[in-house]
Each structure stands twice: as structure tokens, then as C-alpha cells.
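Each structure below appears as C-alpha cells.
Here come two complexes built around chain A, the first alongside chain B, the second alongside chain C.
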Partner chain A sequence: MAKKYIVIGGSAGSFQTILGLLEALPKNYPFPIFLVLHRLKNISSGFVEALSIKSKINLLEPNDKEIIEAGNIYLAPANYHMYAEFDNTISLSTEEAINHSRPSIDITFYSVAHSLREKAIGVLLSGANKDGAEGLKEIKEMGGITVVQDPNDAQIQTMPQAAIDLFKVDKILTTEEIINYLSKLHFLYV
Partner chain B sequence: MITEKKYILNRNDYKTIIDFVREKYSVNLSLYAYTITKRRIEYFFSQYNIENINQLINFLDREKFWISLYEFLIVPTTEAFRDSDVWSKFSKKVLPKLSGLEKIKIWMPEVSSDDELFTLLVILYEAEILSKTSVLITSELDKTETNIKNQKFNQKKFTTSKQNYLAYNPHGCFENYFSNGNFFIKKELFENVTFSRFCFTKNDIQNTNFDIIIFRNRMLYYSPLLQKTALDIIYEALIPKGFLLIGLRETLNNWALKNRFNLYEKDTNIFQKKK
Partner chain C sequence: MVDDNQIKDIIQVIKKVADYDFSDYSIKSFQRRIDKILEDYRLDFNGLVKRIYSSSPEEMEKLIADITVNTTELFRNPIVWHSVKYRILPKLKDNEKIDIWHAGCSTGQEVYSMLILLKEMGMLDKVNVYASDINQLAIDKAKKGEYIYRFNIEYLQNFDEVIRKNPYNFEEYNDVPYSRYFDIDQELDKISIKNEYKDIAIFKKQDLVKRENVFYKKFDVIMCRNVLIYFNLKLQSQILNFFYDNLKFPGYLVLGYHESILGNEVVKFHKKHYYYTKKLI
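Moving on, here comes the complex of A and B:
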């Protein structure tokens, strides 16, 4: 089991932040990362490749029941919800869309909150709906750390602002600060 | 969905529910994927303002609530012609292998809604082999047959399903498969479809020798143990060189069973049973 598990949710306006983060994360990064991005459900090819261009870390769309391993980035596949299970595996589902989204950020945040509790670090980025706010609150309630992109820095404020309006988040950071925080996290939790 | 105020189940609560349901209704919920099942139970009971586990068990003690929950736990499929590329390969690479047969037998286990069945029937119709194909639909729920045959096709899914269908067949007319321009699937598509109640953990499948078994995105909700049980039964029910379709994100990797199938088409999760 890793010491920390990072879960990132993003929607419209978050792509450049994600690319910047993936470029900055060092090889042999010791934490698993779950990445949930709102995306077109009928287009599955090309997205992983686009995100992987500058990443030094292995980025993949997991299969159901795949074992979670440190140093991998697990991108929620198009048209599936992604759960972190208690037995350190990933479950996928085709349940109803939530906040008009499948994958839903709330679902992955919820599962990480309850499966990984204080080991979870949730990060919510730019987006045009309120997906992720409730799930991030659950991460906080279960003892995890919550990070939200500064709405003034986000291309679209709705999603991070929804979390800030809902509960007291731990950190409100700009894109640059988020990248800096996550890329140096392993120095804090070795 | 999780915006509702809800009672969060802890491990002990969950075990209490599992034990109660197994004892009273002979259903073993521990055979289903834990976090997904837990979240769905929490959501279901959020609608009744449940405040503690005793209250929740009192609800479950009434059979009608249990049946409602059970129905809710069985996740419906999302849309027709989901993964249209898979269906294109199925139509172009699998069906021609069977076209010389006098009769074709297909089994769809654990059907929860009409989308995948409708998809299959349209494909068989367009391949002009619907009349010689028998399709067995099995489900744990009594209501599945009624729901599929008598309910309107979900209007919210219609647009997505139509887009998927047109990706499968750009020259087709999706509306042709609905009666009089409304959302009822044409009855004649169902002529060779039979429905039966079946549960992998309770029953033996009476019919075997299936040429094709379509079992897509159902194992997502199973524990590894139930997956193995289901796949063992499916393996036995298929003829040698028969075809098995599973969901694009499901695998046979965890089982010795994988050595008994060949991946038939890359990127489709269409497998063929070895001789």
C-alpha cells in the first residue's frame, strides 16, 4: 500500500493544468494517482496518448479489478465510473451518469474517501458543473487532504467554487502551486 | 446522486445487512463488488431518511422494500449499440462464421435492461439471420421480461443510442425498429427470444451448446469469486469454438480459464472457446 493516494478531478478548462502536472511529476513517483476528467464518451482512442506525451509516469486506463500500484496514473475510461476498492483494486461501473457525467468525479472521490481515508489527497480543478464538490467534502470528512484550484486562476470557476461554497477546503492553490505541491509531495511523505 | 443526505454504512453495518439478506431472502450480496454495492445501498436508503442500522434492517424486513432494493442493485445497461466498433466486428467477423448453420443459439445472461438485447436483435435482423436464431435471455428478476417487452425504450437514451447505431450502420434508419414512430420496440424483433429466471449461484443452466454468449459489463458488479462461478458455467455452456463477448474493460486474466479461450478480435474482447 502506498502512503498517499492522489485523486484529481477536472472538467472544462483543466486540460492544460493536467498536462503541466504530468510533465512536472518525477519518474518513480511513489504514489498512485486517479485521474477523472469529463470527456466525450464515444471517443476512447487518442486521449491517453495526448496526455502521455510529456508524462514520465505510466498513464493508463485501467481494467476492472486491476491492482492499484504506486507510480501509475489511472485515467477513468470513457463512459465508465471508476472506484477505488478496499482491497487495493479498481472497480469500474456503467451506472447512471451523475451530474450528467460518466465518469463522475464525485463517485471516484467518494470511493477514495471511504477506502483510503486519511491517505487520500483530493484535488478539484476547473470545470463548468458541480461534479466533485460533494465527493471532495467526503474526502475531508474521512480525514484526507482537500485541494481546490483557485477560482480566480481557473478557466471556468463553477466546479472549484462549488467545493469552496460547500465546506472549508484545506488548500486553495493556483495551477502553478498545485503542480509544485503535488510534484514535491514525496518529500513530505517518504 | 450522492448529493442526497445519507446514512454511511460502516463495515459492521454492511456485514449486518449481508447476513440478514442471506438469512431471510437467500441472496448473498457479499458476492458483489463491495464499494459499488455499498454506495447503491446508501443511495437507495437515503430516500427514506434512514438514521441507523436498526431502522435500515426494519425496512429490509419488509419484502417489498427488499425487492425494490434488489432491483436497484442490478445496474441497467447504459444505451444501445454501446461500443459500436465491437458490434461492427461482431457483425463482420463473427456472424459470417455462423451463417451456414441451420440454427444459431445465443445466450445473454444477467440481462437488466433492453439496450444490449435490442442491439443484438437489430444486428441479427440486418444480417438476415434473425429468423433462424434463438436468443435466451436470463435474469435474476421476474420483471425483466415484462420490462423489456412492454416498456418504452428509454427516451433519454434514444439520442445516444441512435448516434451509436449510425456509427455502426451509417445507412440504417434507427426509427425503423420502433412501432409507429414511438418508443416501443417492434414486437416482431422478439419472436425468437425466450426469457427465463436464472442465477449463477442458484441454478444450473438447462440449455447448453450455445454458439454465442454475450455477457458484457455484468461482471463489473461481481466479486472475483462470483466472476469465477459465472465464467465456469459460461465456459461449459458454450460449444467448442463458440464465441464469448465480455465488456471492453473486463478481462479473463484472473482465471485459469483464460487459457481455454483465444482472443478472437483485437480491441473488442470477443473471445473464442478453444476446441
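Moving on, here comes the complex of A and C:
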């Protein structure tokens, strides 16, 4: 088991932040990362390549029941919800979209909150809807750390603002600060 | 939200009252389904337990329908259907009879996709198509072959990808009209399968967990897409063995786009393109 598990939710306006983060994360990064991004339905594999261009860490769309390992970024596949199970595997589902979203950020956040509790670090980025706020709150309630992109820094404020309005998030950071925080996290939790 | 012990209790109660065993379902998505049921039925945990105990058989079927997931599309993931069209079915073309089973057919869109493809390939006459699902309400819908147009319109693109276009020859385009297979009524927001394709497939209710072959047949092709994701590894492995035993040789297994064969069953199947073939062991 890794010491920390990072789960990131992003929607409209988050792509550049994600690219910047992936570029900054060092090789041998010791924490698994779950990435849930809202995207167009029919864009599938090209998206992974676009995201991976500058990443030093392996980015993949997991298959069902894949074992969660450090050194991987698990991108929720288009048209599936992604769960972190108790037995350190990923499971997928095709149940209905939630708030018009499949993958749903809330679903992955909830599952990470309960499976990984204080090991979870949830990060919510720019977006034009309210997906992720409830799930992020759950991460906080289960003992994890919550990070929200500063709405003033986000291209679209709605999603991060929804979390800030809902509960007291631990950190409100700019894109640069988020990248800095996450890419140095392994010095904090050795 | 129901907690982990409450989930176990609910599973036990359902097992006791009705003949369904959800013990080996993936916990997280099952939990999510139960939460959704509590929300939709406006019940709390105790209310749900009471409800289960007092359910009529019809109410229980409704509950099972709500617990299980019934997402399906026409020609879902065209690239997988390219496997079926260009790699699997051509190998069966010379068989006298072909038996195809859709395990977990939900509301039937995939079954009709197969019938359409078989018709276009001139193979429909020699094929028996079987379809099963745990959800009786979904099966009733599947038999009816009537869907909401606005929910299915985007899947007609998939039809184009699989039936009209040829991924190996971009200049080829078969302008197969939708009206060959569908009656579309935009005013009533309805898309129906043409009657002549409705009575071909044999639909039966089946709980895969019980591993009973309800068709008493062996199959050349088993389609089981996005069903195993709801099962834990132990149950997945049992079902894969069940499929193995009920496939002919050669036999083809098609799973969901993000499903794969893991664990001990790896040695029983060859992975090819977007499908698996039965290995002789």
C-alpha cells in the first residue's frame, strides 16, 4: 500500500492544469493518482496520448479489477465510472450518468474517501458544473486532505466554488501552487 | 449512505427472501446502487429491509431490476464490433449452424446489433441467437424492441461505423438505410426494431451467479459486455470458467471494452484484438 493516494477531478478549463501537473511530477512518484476528467463521449484513446506527452509517469485507462500501484496515473475511461475498492483494485461501472457525467467525479471521490480514508488527497479543479463537491466533502469527513483550485485562478469557477460553498476545504491553491504541492508531496510523506 | 455492515445485511436479507445472491458483486458499485435505491424509494436502511421482507414477487423483480445496471447501446464500441465483423464471424461462415449467446443482454440493443450485422453478412439464416439477463423487466423491453429515439440517436453513428463504413478501406461506404432495420417515429420519440427481426432471438431470464446453462446449448460466440465489472474477482473467475465450459471449440468470447481476463483463467483463453478465443487445455 502507498502512503497517500491522490484523486483529481477536473472539467472544463482544467486541461492545462493537468498537463502542467503531469509534466512536473517526477519519475518514481510514490503515490498512485486517480484522474477523473469530464470529456467528450467519443474521444477515447487519443486523449490518453495527448495527456501523456510530457508525463514521466505512466498514464493509463485501467481495465476493471486492475491492481492499484504507485507510479501509475489511472484515468477514468470514457463512459465508465471508476471506483477504488477496499482490496486495492479498481472497479468500473456503466451505471447511469450522475449530473450528466460518466465518469462522475463524485463517485470516484466517494469510493476513495471510504477505501483510503486518511490516505486520500482529493483535488478539485476548474469546471462548469458541481460534480465533485459532495465527494470532496466526503474525503474530508473520512480524514483525507482536500484541495480546491482557487476560483479566481480557475478558467471556470463553478466547480471549485461549489466545494468551497459546501464545506471548509483544507487548501485553496492556484494552478502553480497545486503543481508545486503535489510534485513535492513525496518529501512530506516519506 | 449505507455502511459496509448494512450492505452485508441487505445482501443476506435478499438472499433469504428471494433466490438472488449478491455476495460476490463488486462492493463499491453495489453500495452505490443501494444508496440510489434508498434515495429513489425514499427509504432508510431499516425501511429497505422491511420492504424486502414484505415484497411480492413482482416487487422483488422490480427491486432486482433497480439494483442491477442495464446500460446498453447499439453497436457499443464500434472497434469491438469490427472484431466481430472482420475476425470472428468470417471464421464461422462455413459452419452449418452457429450459436451465439448474449449473456447479460439488458434491453436488447446489442442483440439487435448482432442480428443486423448477421443479416448484412448474409449469415442470419444459419444462426441461433440466445440472450439472457437477470432483469425480467429489461428482457420484456428487449423482446419488444422499442426504444426512446432521443436516447438512441447518437448510437446510429455506431451503426454507420460498423455497418456502413469499412475501417480497412476508407473509400468504401455501404449506404444501408436505417429504415431497413428500424421504424423511427420522431414525433412519438420512438425507434423500433422492424418486426421481422423481433422474433428471431430467444430471450430467457437467467442469474449468471447460478451458472446454469438455461439454453442447454454450447456456443460458438459468447457476448458478455460490461457484466463482469459488477462481480468481484472470485465470481468473475467462476463465470469465466462457466463460459469456457459452454463454449465450443473454436469458440469466441467478447467482453466489455475495459474488461479483461485476469487470474487463473488467463491460461484458458487467447487474447486477440478485442476478443478472446478458447484454448484447449
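The criterion applied here is as follows: the second predicted complex is superposed on the first by the 190 of 190 C-alpha atoms of A that agree within 3 Å, B and C clash if a C-alpha of one lies under 4 Å from a C-alpha of the other, contacts with A are read in each partner's own complex, and residues count from 1 in each chain.
We adopt the following convention: a contact is a pair of C-beta atoms (placed from the backbone, for glycine too) under 8 Å apart; a residue touches a chain by one contact, two chains touch by 3 or more.
Everything numeric in this text was worked out from a predicted model, so none of it was measured.
Student: Kindly say whether there is room for both chain B and chain C on chain A in the superposition, answering fit or clash.
Tutor: Aligned through their shared chain, the two binders clash on chain A.
Student: Please indicate which partner A:I107 is in contact with in the superposed arrangement: first for chain B, second for chain C, both, or neither.
Tutor: Once the two structures are laid over each other on A, A:I107 reaches both partners.
Student: Of the two partner chains, chain B (first) and chain C (second), which one does A:Y80 touch, if any: first, second, both, or neither?
Tutor: both
Student: Does chain B (first) or chain C (second) touch A:S91, or do both, or does neither?
Tutor: both
Student: Going by the contact rule set out at the top, does A:Q155 touch chain B (first), chain C (second), both, or neither?
Tutor: A:Q155: touches no partner chain.
Student: What is the contact status of A:K65 with respect to chain B (first) and chain C (second): first, second, both, or neither?
Tutor: both
Student: Looking at chain A, does chain C or chain B touch more of its residues?
Tutor: Touched residues of chain A are more numerous for B.
Student: Once chain A of both complexes is superposed, is A:G135 in touch with chain B (first), chain C (second), both, or neither?
Tutor: first
Student: Which residues would you name on chain A as touching chain B in one complex and chain C in the other?
Tutor: Common to the two interfaces on chain A: residues 41-42, 61-65, 77, 80, 83-86, 91-96, 107, 110-111, 115.
Student: Where on chain C is chain A touching in the complex?
Tutor: The contact residues of chain C facing chain A are 1, 26-29, 32-33, 69, 71, 154, 157, 226, 228-230, 232-233, 236, 256-260, 262.
Student: What part of chain A is in contact with chain B in the complex they form?
Tutor: 41-42, 61-65, 77, 79-80, 83-87, 91-96, 98, 102, 104, 106-107, 110-111, 114-115, 134-135, 138
Student: Within the complex, which stretch of chain B touches chain A?
Tutor: Spelled out, the residues of chain B in touch with chain A are 1-3, 8, 33-36, 38-40, 75-78, 82, 84, 160, 163-164, 167, 217, 219-221, 224, 227, 247-251, 253-254.
Student: Any idea which chain A residues touch chain C in the complex?
Tutor: Touch residues, chain A against chain C: 41-42, 61-65, 77, 80-81, 83-86, 89, 91-96, 107, 110-111, 115.
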